[in-house]
Every structure is written in C-alpha cells, then in structure tokens.
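Pasting a structure here, questions to come.
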Amino acid sequence: MPTLLPIDALLIAACAWLAVGLAGLAAPANTRFIARTLFPLGALVGLLVGIVGLCFLGESPETAVLVIGLPDLPFHLRLDNLTAVFAMLLGFASAGISVYAAGYFRQGGGAAPGLLCLEYHVFLASMLMVLLADDAYAFMVAWESMALSSFFLVTTDHKHGEIRRAGYLYLLLAHLGAISILLSFGVMTSGSGDYSFAGMRAQELSPFWASVAYLLALVGFGAKAGLVPVHVWLPEAHPAAPSPVSAMMSGVMLKTAIYGLLRVGFDLVGEPLWWWGVVALGVGLVTALFGVLYSTVQSDMKRLLAYSSIENIGLIAVGIGLTLTFHAYGMEALAALAMTAVLYHCLAHAGFKSLLFLCTGSVLHATKERSLGKLGGLIHRMPWVAWLALAGVIASAGLPPLSGFVSEWLLLQSFLFSPGLPHPWLNMIVPVAAAVVALVAALAGFAMVKFFGIIFLGQMREESLKDAHDAGPWEKAGLVWLASLTVLLGVLPATVIGRIDAVTHQLLGTGLAERVREHGWWMLAPISPERASYEPLVFLATIVASVLLGRWVVRRFYHGRMRRSPAWDCGYFFQGPRAQDTAEGFSQPIRRIFEPMFRMQRHFPTARDAKPYYSVKVEDHFWHWLYVPIARAAKATSALIATLQGGRIAIYLLYSFLTLILLLLVARP
Amino acid sequence: MNAAIPLTAQLINLFAAVILLLAFAMLAQRRVLPLINLFALQGLTLAASTIVAAVSTGQHHLYWSAGLTLLLKAALLPWILHRLVRRLHVKWEVESLINVPTTMLVGIGLVIIAFNVALPISQLSDTITRGTLGIALAVVMLAFLMMITRTKAIPQVVGFLAMENGLFLAATSATYGMPMVVELGIALDVLVGAIILGVFFFQIRDQFDSLDIRHMERLKDN
Amino acid sequence: MDFFILMLTFPLVSGALLTVFGERAWAPNLNIIASLGTFLCAAGLTAEIVASGPRMVFGEEFFIDSLNVFLVTLTAFVGLTTSIFSGPYMKNEQEHGRLTKPRLRLYKSMYQLFMFTMLVALTTNNLGILWVAMEAATLTTVLLVSLYRTPASLEAAWKYFILCGVGIAQALFGTILLYFAAERVLGETGNALLWTHLVDVKGQLEPTIMSLSFIFLLVGYGTKVGLAPLHNWLPDAHAEGPTPISAVLSGLLLNVALYAILRCKVLADGAIGPGFAGNLMMGFGLFTLVVAAFFLSRQKDVKRMFAYSSIEHMGLITFAFGMGGAVANFAGLLHMTMHSLTKSAIFFAVGHATQKTGTQVMENIRGLMKINPLIGWGLMLGTLAILGMPPFGVFASEFMILTHAMKHHAWATPVLLLALGVAFAAIFGKVQPMVFGETEAKPLPHAPAITPVFLHLSLVLMLGLYIPPYLTRWFHEAARMLG
Amino acid sequence: MNFSGLLAQLFAIALALAAAPLLTGWVNQCRAWLQSRSAPPLLQPYYMLHKLFNKDVVLAHGASDLFRFAPFIVFGCMVLACAIIPSLSTDLPFAPSADTIALVGVFGLARIFISLAAMDIGTSFGSLGSRREMLVGFLAEPALLMVIFTTALISQSTSVATIVETLAHREFIIYPSLAFAGIAFTFVSLAENARVPVDNPATHLELTMIHEAMVLEYSGRHLALIEWAASLKLYAYSCLGLALFFPWGIAAGDSFLGLLAAVPLLAFKLAVGGFLLAVIETVNAKMRIFRAPEFLGTAFLLAVLGLLVRLLLETRV
C-alpha cells in the first residue's frame, strides 16, 4: 500500500486551494458562505502546508513527475529543504492571513467575493507550485500564474485610475522579470536543451556564462522582490491591493523571489564567483537605504509599509551577497551564518510585515482612511489592533526581544567575522557596508515610530475617528496568530535555527545547529558564547522582572494615587489635534538631512498668501533616471517604424517590389 | 546564324519582343483609352505566340489556352474596361507620380535585372524559346512599375492585368503551358477579379466621386 | 459517403443556396448548420487519417496527410464558431442600420465560399490549384472587407485587392518556375505540379531555379501571410471589415497562406539543401516580429491593434518554421493552432465590445467589466493569453520556440524577447483600461454569443497545461513531414 | 554560573541603582562649580526622586496605557543595561544574555518607548520632542555600533565581558583605532544622555529641548522613574566607556576581594569621568538642532574610520 509522501501532501494542498477557489465561483455573491466557510478552509490547508514543511525539514529530497505539461517536458516537482522552509513560511503566514481575510472581505467591496476567493486561492496554489517546481516550464507557469492572480487581486478595486496604473506597472515589470528569468534558465541549460533543473545542475558552465545566468536571475527575481532599480511597481501595487492581499504579497510573494535567488545562486548555477556576492551586497545596500529613507517620508500608511518591505528585501539581499562571497571563498561556516540570517529574516519579515499590513487593513475598515494625516489616537478605539501592531512595530524596527532583531543580529555578526576574507578591497568595503546596515536599522526605528505614533497615538486628527471600532473576532484571530509567530521567532531563535539548519546543510554542506545546540535551547551562540551570545528569554525576563519589581516597590513604599487633568498647554491656550505633528512634519528632519536622495516639490506659504498652505511631494528619482528615458526611446522607435505604414498604396507596392528585387539580387543558395 | 533556329522559335521570340515593346509603350502612354488598346494588343500578341508554340510543339491544350487568351485578354477585358471608362466618365488624362522619361530609364534598368536573373535558367532550358522567360519576367516587372507609378485606379488595374500577361507568357512560351486545369482556374480568377474590380470602380466613384486613388490614403499609422 | 467530398460539398452547396435564399429568416441557421456539417466531416476525416494514414482523392488531385488534416480541422472548427458568433452579431449590425439585407446575403454566401476555397487550398495536391484557391480566397473576401461601403472600408478593400493580387501574381510566377524545374525531371506528364510527385524527386530539382522560384513564392504568399514589409494591407483589411471576417482572416487565412509556403519550403529544402529557405524565413520572421511589436503602441483602433498582433505572431511562427527541425516545427504548428483559437476568440470579444460601445476607438471603450463581465473577462483573458501569459497555451508554444532558438540561434533570442516585451507593454497598456474602470453604456437588442469565446479560451488553457498524446503524435508526424 | 557570580551580578545591579543618581548629582555639582554657581547638594537627585515618588501622578486626559507603562519599561531596559555592562567584575551571569549589539538594542527599545509615550498625549511639544529624539537616535545608534565593532574586532568578540577581558587582562598593546573610537564614543554618549552640546538637561525653553520636551507630561512616580532611568543611562554609558577604553582594575574572576578592590577604583574613574563631562558641557554651547546631525555624523565617520584603521594597521594576516 503506497504511503502518502510529503510531496504528495503538498500537491494535494495545492489542489485543495484550487478547489476552494473554484468553490467560490459556485456562489459568487454569497459573502457569508465564502468568508465564513471557504477562507477558513483555505487557512486550514495553509496550516497543513506549514506543518508539512516544518516536519519535512532535514529529510532527503523527494521528486515527482506529473502527466501535465509539455509533451517532452512534463511537470517535474521536487521537495527539498529549501523548498520546505519556504513552504513552511507560506503555510503559516497564509494561515493567519486567510483567517483574517475571513473577517475582512464583506459585502460590496469591489469585485464579487467569489471571484476574489478564486483569485486569492489560485495565488496561494501558484506560490506553492513555484516552490515545488523542478523544471523551467513548470516554474515559469507557476511563476506567471502567481503574477497574474496577484495582478487581478491588486486591481480588485479597478474603478480608480491609479489602481489600474499600479496594476499595469506591476504586471509589466513582473513579465519583464519573467522574461529575464527564462533567459537565465536558457543560459543555464547551455544548449543541452534539457530544461529540467536536474539537467541544469548537471551542466558545467564557463565563468562568463555562469555570471550571465546569475545576473539575469538577479534582475528577474529582483524585479519581483523589489530590488532597486526594478522596485517601482512595489510601492504602487501594495497600497492598491486589499490589505490581506498586500500582506500576502509583501509577506510571502516577495520571499518566492528570494527563494528563486537562492535556488539559482546556490543550487542550479554551480560554483559562484566572489564578485557576484559583492554585486548582490551593493544592490542590497542601495535598496535597503533607499527603501527605509522613502518609507520614513511617506504619508500613506500602506506606502510606508511597502517601502519598508523594500528595505527588508534589501537587507536580505545583503545577506545573500555575504553568503555568496563567503561561499565562493570556501568559508562555509561564515556562509552558513549569513545564510541563516537570510532565512531567518525571511521568516521574521513574513510574520511582522503581514501583521502590520493586516493592522492597516483593520484601520482602513474602521476609518476609511489611508492617509496618516487624517488618523491618530486610535489606540483608544481599537486597543487590540494597536497593541498587536506594537509587536509588529518593535520587530520591524529590529529591536530585541522580537523576531526582527534576531536576524539583524545574525547579519551583523556575519559582518563582524568577515575580516579574514582573502581580498583586501572586500575587507575595506565590509565595515562600510556594516555601517550602512546599522544606519538602516536605526532609520527603520524612526519609520516605525512614525507609523505607530501617528496612527494610534496622540489626539484624533478627524472627528470621524470617534466612531472607529475594533477588529472583529476573525480579524483578531489572524492578527494574534501572526503576532505570536513574531514573538516565538523572537524568543526561541536557537530552536528555530535548529530546524532551518537543514537548508544551510543542503546548500553549503555545513550549518550552525551543532554549535548552537551545545549551549541549550535558550541561548543563541552561533560561534561560541565567548565570542557572541544572545539569550532573548533571560533578556525578556530581566526587563519584565524589573518592571514588575519596580512597580511593586513603588506601590509598596509609596502609593498608586493618580488623577486626570487636561494636558499642559505650555501657556498656549489652544492645543487642538491640529497642533500635533503631521506625517510630513514628523519626517521633516529626514527630508532635510537626506535632501539629495529625494526628488521633492515643495510649496511654502508666503506672508501675503490669502490661503496659506504648505505642501511637499516626494518622488522617486529612478523614474526620471531610468524609466522615463526608456519610454521615450520606445516611443521614438515606434514613431520611426510607423513611417512604413504611410497609407499610400504606390509606396506599399514599392516595398514589395524592392523586396522582390533585393532578394533576386542578393539571395543565393 | 539564324538558320539554326527554327522559324517558330524565331516567331515566338519576335512576339515576346513585341510584348516587351508593348509593355514599354503602356508605361509611356499618357491616356486611358490608348492604354487599354495597348493592353488588348498585348493580349493579341500573347495569343499569337501561344498558337505558334502550340503549332511547334503540337500540345493541344495550348490551343485552348490560346483561345482563352484571345477571348479574355484581347476581347472581354478590354471591352469591360472600355465600358467602365465610358460609364464612369473617367478623365482621359493619366497622371503619373514620376515623369515618363524617368520611368523609362527605371524600366530599362529593370529589364537588365530581369534578364540577368533569368539568365541561369534560360541556360538550363532545353526549350527552343529559352530567352522568353527573361522577357516574361521583364514584362511582369514593367507592369509592376506601372502599377506603382500610376495614380488612377484604371491604369493600375491595367497594369495588374498586364502583369498577368507576363505570367501567361512565361507559362506558355517558356514551359509550354501549365496543366489545363490550372490554366482554366487562372483564367477564371482573372475574369472574376476583373468583374469584382468593375463593381469596385462604381463603389469607389460613389464614395470619392473620382477614381483617383490618392484619395485613399486615410488608413495610416504615421 | 466520403467525408472529404461531403466536407467540400457543404460549404459549396450552402454557399450557392445562400446566394439565392440569403435573405430568408432561416439563412443564419443554414449558415451555422453548414459550418457544423463541415466541421463534423472534418472531424470524421481526421479520425480516418489518424486511423489509416494519408490518402488521395479524385485520382491524385487531392491529398490529405497529417499536416493538412489538422489545419482542416482547425479551419472547420473556427469556421463553425465564427458562424455561431456572427449570427447575433450581424443581426445587431443590421438593426443598427449598418448593413442591409442584400449585403447580409452577400456576407453569408461569400463566407461559405471563402471556407470552401480555404479547404480546397489546404487539401489540394496540385500546387497550381493551390494558387488558384488562394487567389479565390482573396477574391471572396475582398467584397466582405468592403461590406460596409464606407470610404475607409473601400480603401482597405482596394489595398487588400491590389496588394494581394500583385503578391499572388508573384506566387504564380514562382509556381511557373517550379513547374519549369519539375518538368525537366518529371517530363511532359500532367503531374509535374503534384506535390506528392515533387516530393519524391525533390532531390533532383534544379537548385538555381528552385531558389528563384522559392523567392517568388515566399514574396507572393508572404504578402498574404503578412510578412513585413509586405504586410501593409493586413491592418486595414482587418480593421475595416466586419468582425467575423477579421476573425477568420487572421485566424485562418494567414495560416493557409503560411501552409502554402511550408509546402514549397519542403521542396526547396529538398532541392537546394537546408538553410536557404530556412534563413529567408527566419529573416522575414524576425523582421516582421520586431516591426509589428513597435507598431502596436501607436494604435488607436482596437481591431487594427490586434491585426498587428496577428502580424507579430505570424512573424514568430515563420521564424519557428524557418529554424526547422522537429521541435521547432512542432512548436510552429502548436503556435499556429493557439494563435488561431486565441485571436479569433479575441476578435469575438472585441466585436461584442465595439457593438456595445458603438466605437472601435480604444479611448472611448471603457469599463467592459461593468457593461458585461463575460465580455470583459473574455477580452482580458484572451489578451493575456495572446501575450504569452501562462498557463495559456500560447506560452507553451512560445516557450518551445524560445528554448529551441536559445539552443540553435542564440543571437536571435534577445531580439525575440525584446519584441515580445514591447508587444506586452503596448497591448496590455491599451486593453486594461478598456476592460476595467467606469462606463455608461446601453444594452443590446440581441444577447451576445459569448460561448465561442470561452470555448476557444478553455481549449487554449487546456492545451497550455496538457497536450493529449494523440495530438502530440499527430503534431510530431506533421513536424517530421516538414523536415 | 555559580552562586558567587550571581551575588556579584546582584551587587553590580544594586550598586548601579544606588550610585547612578549620585553620579548625576556629582556632574551637576561640577558644572555648578565650573560655572561659578552655588552648587546644589550632592544628594539632590535622591531628594528629588523621593519627592516625586510621594507626589500624585497627574495624567493628561488623552493618555493611554502605553503612556503609563512606558516609564517602567524604560527603567527596566536601563537596569538590564547596567546588569550587562561589567562595572566591577567581568564574571556576570547575565552577560551572555545580551552582547554589545543587543545592548544597543536595549537602548533602542528604551528610546522607542519613551518617544511613543511622548506622542501619546498629542501635544505639539511631545511629538516635537520624540521626532528630535528619534533624529538623534538614528544617528547615534549606528555610530555606537561602529565603536563597538572596532573593539569587537580587537577582541574577536561582541560580548562585553570578553572585550574587557581582552583589553584589560592581556599584554598591553596600543590600539590607534581605539583613539578614534573613543572620541566617537564620547560624542555619542553626550548626545544619548541629552547633554550639551546636543541637548541641555537644565533647560525648559520648549523650542530647544529634546528629552525634556518628551517627558513634559510626566509627573509623580512616572517622572521619578524616568529621571532615575536617565541617570542609570548616564551611569551605564560611563561604565561602558570605562570598560571599553579604561578597563584596568575590573576584577576578572569572582573573588570577593577583587570586587571590593574594584569599587573604589570605579568610583574614582566615574568621578573623573563626571568631571570631564561637566567640563565639556561648560566649555561648549548648545548647538541648533540641525547642527546635531553634523555633530553625530562626525562621530559616525570617526567610528568607521577607527574600524578601517583597525583593519589597516592592526590586523596581521
């Protein structure tokens, strides 16, 4: 009797997702059925996927071949540790998001709920297939289906022009990225014509072609991950989508691109060259800095988060770059450290960024507002969302004891131990890179304080916020799930690393687990406790203990008396909500310090203004540096070529006449 | 030494030369009706050469095709065209995009090209009328040139039909005719095409109240 | 009764009947029934061929092998769906006062005759007859293109007639040369134009003549395929004719013309040796692809735009066949099929869209999703499919073409991908706002026949994910036949 | 980890809690002297804390729970920081729980909470203060990190204890990089502890203040805790500075005598440090808020420079 292999389980899960989606078409308008039945089912499937992935880690790879696909290239599937860890990410994150979505989608929200349900679950299934695919065709099909389904999700509310534009930009860049990925695959087969990944592994590429393949992959996957300069779609698409979809895209979909980079860089293309790592490192640094700076100056809460996603992807790319460099120099232990940082940050980011996006979703539902300038003081009206968001904020700011800090800590550690690279230039570059990473981490804190402080704290900037309501039970459940993931990832790093270590073992041949396990589950010491160690639990315990102790002591020896009174107005008689910082005001120092980084249009009121107002518009440099020129060039070319179709029949006849004569004179067998 | 070549072959070559000459004449012709007449004459010569070929080779279906040619190219089509010109009150003047001398020069260049292209084939040919293939090609190209340079619908059509003549010349005199069924089909197509063209002229005239095809340059992308 | 003869009889007879009774109320149904009959016969024929190899009919005049039988089936199928679509479409046109009853009669009869000529062209064994049928196909459609009798449609029809006529004349010259070459091998017998005989002796055909002949044939039939720079008639004719005709023109006629080139290519390869014909076709294909891709972004008329996309895909297919070899030919045939199905589906959707909004100008077509979700989704999915988005079948064939090109002609790959990217940006940027967004539009008197659209699309989707083995075998045989 | 270690740990914490206000008092006194004012009593901070603890808490209407928890959390963070930084001995059971990077994280956590609390009431000055605090923070944090990296590279470790061990109890080597790092660290700690020239703990002119603007709404025990946390922070930074740059005299093992010997030495070093701080604060004038980035940027650059120097001169490969 055949036993159910994990890979079959995942395949069944993908089909189950598809089935759930199609079931949505059965009753496209029945919101209650779809929200209360189908989405929870999808969440259940997601949970299973996560569990399968988690349990599979450490097993030996499994493969399968389906009947569908091209005649000479049927779908090859493969489940190995790299796939498993990302499947785990997909499963657990999507479980929380689906539960949330069960409460989020309601009547009259853009498209028919049945359609949404279909697109959403096709999106999930295709992401799973991307992870499982083991040949170029299957991969491309899954990859593009993912792009397509997410595109339709993004354009759910296609009444608005900017959302349509965002969708167009998104799909266009996704498609161009896919083209570049396909090219990279083609290079990796090096003319053997065998497009299964196994065939690519078998090839021995010359350094030149290997580099070409790698760079093409970097561009292609970078376009999906949002690396500068192919990031422009991201801040447009994420805000446009419904919040669960934004969460899914930012938390999970971007990671599929990271998966692709790892798959190509460490599995398919063969031995890496050291400078690949430097390229990835440089791109990552630029991306991270760019992302965090722009996220600090946004006035739309979802755009802020989108840019912060760019920043996190940048950090991940930095980690990948370090890993590649170490790997190329054969320093596998350090490579393992860096790669662990990468994987950990993927997991952490999936947790806290989804959490934050879902929180913005609740805020959006409660207030119909996305602009930070019109929010504020919501912690009084929606305490659940606020406090759960706080967890996400702290993690996203990379502060202990939550998940974000662990990966940042690992990343900095791998920087710290990088001297010893046999390349003097690298040794000079690395500290600077570390400095930039540190700066980025600190700036992320700034952005997050702005995010949380302006949305949830202070006085309400609009009267309408008075009747904002807290999230419903389903939404709460989803938020709690993701928040608890964030906390767990934060306080149990040793345990988690023990699991994901299988990946570094598979790709690099070594890992941290042995050394980590020596020091017990509560302590994280990748090299040795003398060199570096971190015990989040003790950490947490100490703080909590001193908080409680302090509180107790104060109550015990003094008193707990307290009375309310109006806030002190510093002698100014009016202290309305308008007196608080606006979103723009809060980020004014950043704009001022990093002025050259932004393309700003500002309007200052003059003394004579009848209606004085202040406005600032921040634009992306890359539009004007890269995309506008390309568009112009294409336009010019087509204008030139269009002269072929002049409308005069005599000229047309002349064309065919000349073609004929030319061929008669030139073409010879 | 002409004696080596049989008379029939000489005749065929002669007719071919005449057809080429007529093609040039059509290229030079400035008026509509003479143009049609020239076309008819060309058809006549074509028929004649076909008959000669038939006689010399004794292939019977060539008689049929000669008859067809005579009927269609020399009689029916010119008649239709004449009627059209009368019914549509076409202006007699035919403007040309390029002035006639230039056209002639280009035409001579084309003839040279055509001969050179056809040369290797005619060398291979074992038929007595090897040269005619080059002439046929030249006629086709001259007709092509005429279609390009003329700005009115009718001359363009005449050019189109003259091109068919060239093809027919190639078919008959160079290869002693295609299989009968094919020739019938071709003839049918030409006939139907001419009729459809007739229908067209009226439609065009109704829409643009002139047959000047320079009115028809609206559909364009530049 | 022989399937083949029936298949040719249905369109011929019904065409004749419709010329007489074309104005009766049941005429549209007759149109559909005839097409259905044709399709069923084609299906039967296919079964026959798959079961018991190639066969001849009428002595040796007609020849059906696995290459043309699949094109026959495709033609008959698209012909059927188009006739289904055109029923309500034409009714609407009539009630909008764009068409009179006599013209509808003309339309129906010519439609059937057009189908007939194409079937003949596909099945004939005689290259001369092939030429005749191609010319006849042109003649039958000319009057359909000018059906509306608007200045624009007349202009389009005129250009169509003249350009294709001239082109086809060159094809005839090529055919004559071919005959000339064949005669020297096969002698004075009447079968010097029979493809089956030519294939047997293709090695002995005179290379010089064959090369000249192929050049003429390529330029000639290439005009009908729409290879740049011979394509100029195509966008006009597609944009100005009635939509069902646009659908069959780009869905079928282009295929037939390409089929003619393929038959000749086989002979040319045999005589000259591989390379010459292939390189010519690859050159034309690439040039066409790039040119068409850049044309796309300037279009304002929706049908015109999709006409250019047809040119683009024809370029791709020509390139594929130019590469030659089993895989490329397979991919080319697959892409032919996919393009026919998808493009005709798109034209159906576009037809309904233009009727609903009363314009072909894309700026004025908005919010199709709101007007009628089915049409909106049909157009959106069709567009994405034609742009080569998985999981639709077009991607499958494009994937095979690209991968084969990477393997054997790496230099061409960037060009191909560039063109495809440009095309994507252009078409999608124009279609998306048409489908999405707000609008105010009036309902139509007759419900649109939307089934053909989704029938085609679901076929394309199915073939994208799974190509049934017998189809594969069939394609492989055809591909092998093309060498 | 053993009992005596735990004892030493607890002793260190207790000492920090007790001595931190004293250090603040001492600095204030020195400043008064240098500015030839009559100095407040040395124990003034203690009276202050006592008074504040006795007072009622007056909470603004708009205040949320976060506003009330923040002081405790900040206080907790500072306690943890003091527990990690070896002031007397390097054998601290808590030390492994957080290395220097985590230490920076602790300060970051405290900063985030205090700034959020400041935004909670929704007065203009609160948000103004928190904005400026974050500005100072995101510039100071990386600089501090770089300083720590330099020392970490020397000792091949990021755990404070190991660093101190390396610097204090191995053969004496002159590290030029430490000079850069030292200056950078001084800059950073001035900024972090809201001292002149970046901020002025004595001012209450709203437009110029940073830290004071944030705690404007606090009163009673909350304010007391924040003040206490502030002095703890000063103490922690001083100890960190001493540990990194003048580690001599910190007991290696957990010998009780060693500890006792270390106490007066620490007191002396702190006294000197405090006096120097007072001197700096006296000779400098507070700068405009937008000069602060330049000031901290310099610190950042110096730290990176130190790192490079470290790699250039001192690594023997």
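By written order: A, B, C and D. Residues from 1 in each chain.
To be clear about the criterion, contacts are C-beta pairs under 8 Å (C-beta built on N, C-alpha and C of every residue); 3 or more make two chains touch, one makes a residue touch a chain.
Just so it is clear, the model here is predicted, and its values are computed rather than measured.
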Practice task
Please state whether A-B or A-D has more C-beta contact pairs across its interface.
Solution key: A-D
Problem - Euclidean distance of C-alpha centroids - chain C vs chain D, Å - result: 79
Handout entry: Rounded Å distance between chain A and chain B, as computed from the means of their C-alpha atoms
Key = 70
Handout entry: Rounded Å distance, chain B centre to chain D centre (Cα mean)
Key = 102
Exercise for the section: Calculate how many whole Å lie between the centre of chain A and the centre of chain D, each centre taken as the average of the chain's C-alpha atoms. Expected result: 36
Fill in the blank from the handout: The positions of chain B in contact with two or more other chains are 117, 144, 147, 213, 216-219, 221
Fill in the blank from the handout: The positions of chain A in contact with two or more other chains are 639, 642, 644-645, 649, 653, 664
Practice task
Please set out, as single numbers or ranges, the residues of chain C touching at least two other chains.
Solution key: 158-159, 162, 166, 170, 208, 212, 235, 295, 298
Practice task
Using the contact rule from the top, write out all pairs of chains that touch.
Solution key: A-B, A-C, A-D, B-C
Practice task
Mind listing the chain B positions that touch chain A in their complex?
Solution key: 97, 113, 117, 141, 144-145, 147-149, 151, 213-214, 216-222
Problem - Parts of chain C lying in touch with chain A, wherever the complex brings them together - result: 158-159, 162-163, 166-167, 170, 207-208, 211-212, 215-216, 218-219, 223, 228-230, 232-233, 235, 272-273, 275-276, 280, 291, 294-298, 327, 369, 384, 387, 389-391, 395-396, 399-400, 402-404, 406-407, 410, 413-414, 417, 420-422, 424-425, 428-429, 432-433, 436-438, 464-467, 469, 472
Exercise for the section: Please give the residue numbers of chain D that touch chain A in the complex, ascending. Expected result: 53-54, 56-64, 66, 69, 72-73, 75-77, 79-80, 83, 94, 96-99, 101-102, 105-106, 108-109, 111-112, 115-116, 119-128, 130-132, 134-135, 137-139, 141-142, 145-146, 149, 152-153, 156-159, 162, 206, 216-217, 220-221, 225, 290, 293, 300, 303-304, 307-308, 311, 315, 317
Practice task
Using the touch rule from the top, collect the residues of chain A that touch chain B in their complex.
Solution key: 639, 642-650, 653-654, 657, 661, 664-665
Handout entry: Residue numbers on chain B that touch chain C, as the complex places them
Key = 59, 117, 120-121, 124-126, 133, 137, 140, 144, 147, 153, 156, 160, 163-164, 167, 170-171, 174-176, 178-182, 185-186, 188-189, 192-193, 196-197, 199-200, 203-204, 207-208, 213, 216-219, 221
